[in-house]
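Notes for the one structure printed next.
Chain naming follows the written order as A, B, C and D, and within any one chain the residues start at number 1.
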Amino acid sequence: MSDPRIIWNVLLRRELLVSLRRRSEIANPLFFFLIVCALFPLGLGPSPALLAGMAPGILWIVALLAVLMASDGLFRSDYDDGTLEQVLLSPVPLYVTSLVKVLAHWLLSGLPLTLLSPLLAMMLQMPPQGIPALLASLALGTLVLSFIAAIGAALTVGLKRGGVLLSLLVLPLFVPALIFGSAAVQRAVLGMDSSAPLALLGAMAIMFVLVAPLAIAGALRVSHDQ
Amino acid sequence: MWAWFHKWSSPRWFYQLSGTLLPWLAVISLAALIVGVAWGLMFVPPDYKQGNSFRIIYIHVPAAAVAMAGYLLMATAGAISLIWRIKLADMVLKCAAPIGAALTFLALVTGAIWGKPTWGTWWVWDARITSVLVLFFLYIGIIALYEAFDNKEAAGRASAILALVGAVNIPIIYWSVEWWYSLHQPASISFTGESSIHPQMLRPLLLTITGFYCFFGWVLLLKVRNEILHRERSTRWVRDLILSR
Amino acid sequence: MPPLLDIQGLSYARDHRDLARDLSFQLEAGDILRVEGPNGSGKTTLLRILAGLYTNYEGELRYRGESLRGRGRLAMRSESHFLGHQSALKLSLTPLENLNWLAALNGQSVGLDAVENALAKVGLKGYEDVPCRQLSAGQQRRVTLARLFLVSAGLWLLDEPFTALDRQAVAELEGWIGEFAASGGAVVLTTHHALGQLQGLRSLTLGGS
Amino acid sequence: MYFETVAELLAMDGHGPYVWAAYGITFATLVWLVAQPLVAKRRQLRELRGFLRRTEGA
C-alpha cells in the first residue's frame, strides 16, 4: 500500500476529471436553480415585499431540489461501465472511496450552487444583509444534503427507474437541514443573530460527512451482491 | 450463547413459539382496546377546555406512539439481518413496514379530525403532527424501496440500511421540528400541551396504548408466520404442516 | 504451505435454482482453471464468489489458508485482478488516466513509465493520451487487459476475456495467460473459446447436474 | 356512564361526528390490518398445497 495521500489525490482527481469532461452535468443543476427561482415571482407576483419575505425559504427549497437532481445518477455511470465493480474489489476501504466520490461531487454541484445563490437572492429581492448567512448555510447545507442524497443514490444504483424513488427516500431526511438552513437566513434577513442554526448545521455536516459513507458503502455492496 | 441465538433465529422454532403467543396477544389487545375505548368514550367526563373532541386522544396518541416504536423495531430488525444475516429479522422488517405505515396514517387522520373542532382547520402544523407526517414519509420510503427490487434478499438488505439511516435521523428530525415549531409559534396551542388534561382522564390511555402495542405484535406475528410459510415452503416441516392441516 | 485457493463444499443458487452443490477444488500457483458449462450454469457467479462480490453461498473458501469471508478477502483483493464483462473504463478519460486510477484503487501509485510499459505490452504504445471513447472496442478491451501488467498480482479471475478480441489479440492473450502461469501465477477463467494446449490447464464443468 | 341517553352519547355536545368518525376510521383500519394476513394465510395454504402436490407428484 503506497502513500495514502497519493491514493486520495488520484481518486479525487479522477472524480473531478470525469465530471469536468461533461460540462453539462455541472451546469444543469445551476440552470435548474436559476430557472425554478425565476418561476416563483411568475407564480406569486413580483411584489418586492412578498418576495423578500419568502426569499430565504424559496432559495433553500430550490437549492435542496437542485442537489437532489444532481445526485440522482451519482453512481449509475460507474455502475454501468463496471468501474464501480472495481471500486468494490479494491483493497482501499469502500468508506474512503465513497467519501472521495461524494466530496468531489459536492465540489462540483453543492459549492457552485452556493456561489450562485447571492445572484438569485437579489433576483428575489432578498435584503443584502442576509447574503453572508445564505452563503454559510448553503455551503454547510448542500454538504449535508449531498451526503444524504448519496445514500439514496447508492441504494437505488442498481434500479432502472431510480429518480422519483430517490426523492421518496431522501426528502424526509432533508427536513432538519432545510429547517436550520432557511431559519439561519431568515434570522439574518431580520438582522437577528443566526449563529445557532448555523452551528447546528455545521454539526450535522460533520456528522453526515463522517457517518454517511458507512451507509453508502453498505448500500453499494447490497446493490452488487445479487 | 451462540446455540441459543441460532436456535432463536430458526424460522421453524419461531413459528411454533409464535403459535403459542398468538392467542394471548389477540386476547390482551382486544380486551385492552375494548375496555379502554369504552371507558374513554363513555365514562370519562369531557375536557373543560376542548370538550368531548379530546376523546380522540385515546386512539391518536397510541397510534403515533406504536408507529414510532414500529419504526425503531424495523431498524433493529434491519441491523440484526445485516450483521448476522438472520432471515427471521429480514421477515420482521418486511412485515412491520406496512403495519407501521397504517398506524402512522391513523395517527395523522385522527389528528386532523381532532384539529377541526378544536382549532377550526383540518390540518394544524403542530410540532407532533408534523413529525408524525415525516415519519409517514419515512415509512413510505422503506416500502417503496423494498418494492423496487426484484431480488427480495437485496430488497431486504437495502431497506434495512434505509431503516437504520432513518432511525438515526428520527431524533434529529423530531428535535428540529420542535425547534422549528417553537420558532414560528409560541406553544399556545399544541397537541404536546395535552398534559394539561386531567390525570384521571389519562387512565384509559394506558389501556389503549397497551392495546395498540399488543395489536401491533399480533398482526406482526400473523404476517411473519405467513412469510415463514412462504419462504420455507420447500422444507419438510412446512410440507408436513400443510398436509396435516 | 496452504494452497493458493482452497474451495470446500461450495454450494450456491440464484433465483431459487441450484447452480452448484458441494463443489470442491484447489488452485495452486501455475494452474489455469477453465470453468465450462452451458449458459446460465453459474460460471460468472462462481467467479464473482471467488472475487468476493457475491456472498450468498455455503461452503468454506480459503485464500492462502485464510477464509474468504474474513481476512482472506482483503489479502486476495490486493493480490488479484478480476476482469468482468464490462470494460471497467471511463470512456471520457484517457488510458493513462484510467490505468492510473485503477492502480490507485489497487493501493499502488504507478509512474508514467509503468503505464507506458503496460500499454506497450498490449500493443497500444502511443495511445496513452487518446480518450478511450475514440478507441475501437478491441482497443478498449486491450486497455482493460493492460491492467493485468500494470500492477503485479498472483491470481487472475477472467470472465469471458476473449470476447470482442480480434483473432490476433486472442492468440496474444492466450500467450500472456501461458506466460503468467509459467511464471507462477494462477488463473481462473470462463470462456467458450477453445484454448490451445496450455501448460497447467485444467477444466471444471458446471451445470447439467 | 357520563352521558344519560344514547342520543347524548352520539351527539357529544356537537363533537360527536368528529369523535365517531375518528373511531370509525380507526376501527376499520385495525380490522383491515388483522383481516389481511388471515385472508392471505388461507389463500397461501391453498397455493402451497398446489405447490406441494406438483413437486410431490414430480
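Annotations for the structure displayed:
The rule is short, and it goes like this: a residue touches a chain if its C-beta (ideal position, glycine included) is under 8 Å from a C-beta of that chain, and two chains touch if they have at least 3 such contacts.
In UniProt terms, the chains line up like this: A = Heme exporter protein B; B = Heme exporter protein C; C = Heme exporter protein A; D = Heme exporter protein D.
What you see is a predicted model; the values in this text were computed from it and never measured.
Placing every chain at the mean of its C-alpha atoms, the farthest one from chain D (Heme exporter protein D) is found to be C.
The chain occupying the central position, as judged from C-alpha centroids, is A. Centre-to-centre, using mean CA coordinates, chain B (Heme exporter protein C) is 16 Å away from chain D (Heme exporter protein D). Each chain gets one centre point, the mean of its Cα atoms, and the points for chain C (Heme exporter protein A) and chain D (Heme exporter protein D) are 57 Å apart. One simple way to say how far apart two chains are is to compare their mean CA positions; for chain A (Heme exporter protein B) and chain C (Heme exporter protein A) this gives 37 Å. Mean C-alpha position of chain A (Heme exporter protein B) lies 32 Å from that of chain B (Heme exporter protein C).
Contact of a single residue of chain C (Heme exporter protein A) with at least two other chains is seen at positions 56.
Contact with two or more other chains is made by no residue of chain D (Heme exporter protein D).
Of all residues in chain B (Heme exporter protein C), those that touch two or more other chains are 151, 153. Taken together, the chain A (Heme exporter protein B) residues at the contact with chain B (Heme exporter protein C) in this complex read 151, 155-156, 158-159, 161, 165, 168-173, 175-176, 179-180, 183, 200, 204, 211, 215, 218-219, 222-223, 225-226.
By the touch criterion stated above, chain B (Heme exporter protein C) contacts chain D (Heme exporter protein D) in their complex at residues 33, 37, 41-46, 51-53, 55-56, 59-60, 63, 99, 102, 105-106, 109-110, 113-114, 116-117, 215, 218-219, 222-223, 225-226, 229-230, 233-234, 238-239, 242-243, 245. Those residues of chain B (Heme exporter protein C) that touch chain A (Heme exporter protein B) in the complex are listed here as 82, 134, 137-138, 140-141, 144-145, 148-149, 151, 153-154, 157-158, 161-162, 164-166, 168-169, 172-173, 175-177, 179-180, 183. Chain D (Heme exporter protein D) meets chain B (Heme exporter protein C) in the complex at residues 1-3, 9, 12-16, 18-19, 21-23, 25-26, 29-30, 32-34, 37-38, 40-41, 44-45, 48-49, 51-52, 55-56.
Considering their complex, residues 1-3, 6-7, 10-11, 14, 17-18, 21-22, 80-83, 85-92, 97, 224-226 of chain A (Heme exporter protein B) touch chain C (Heme exporter protein A).
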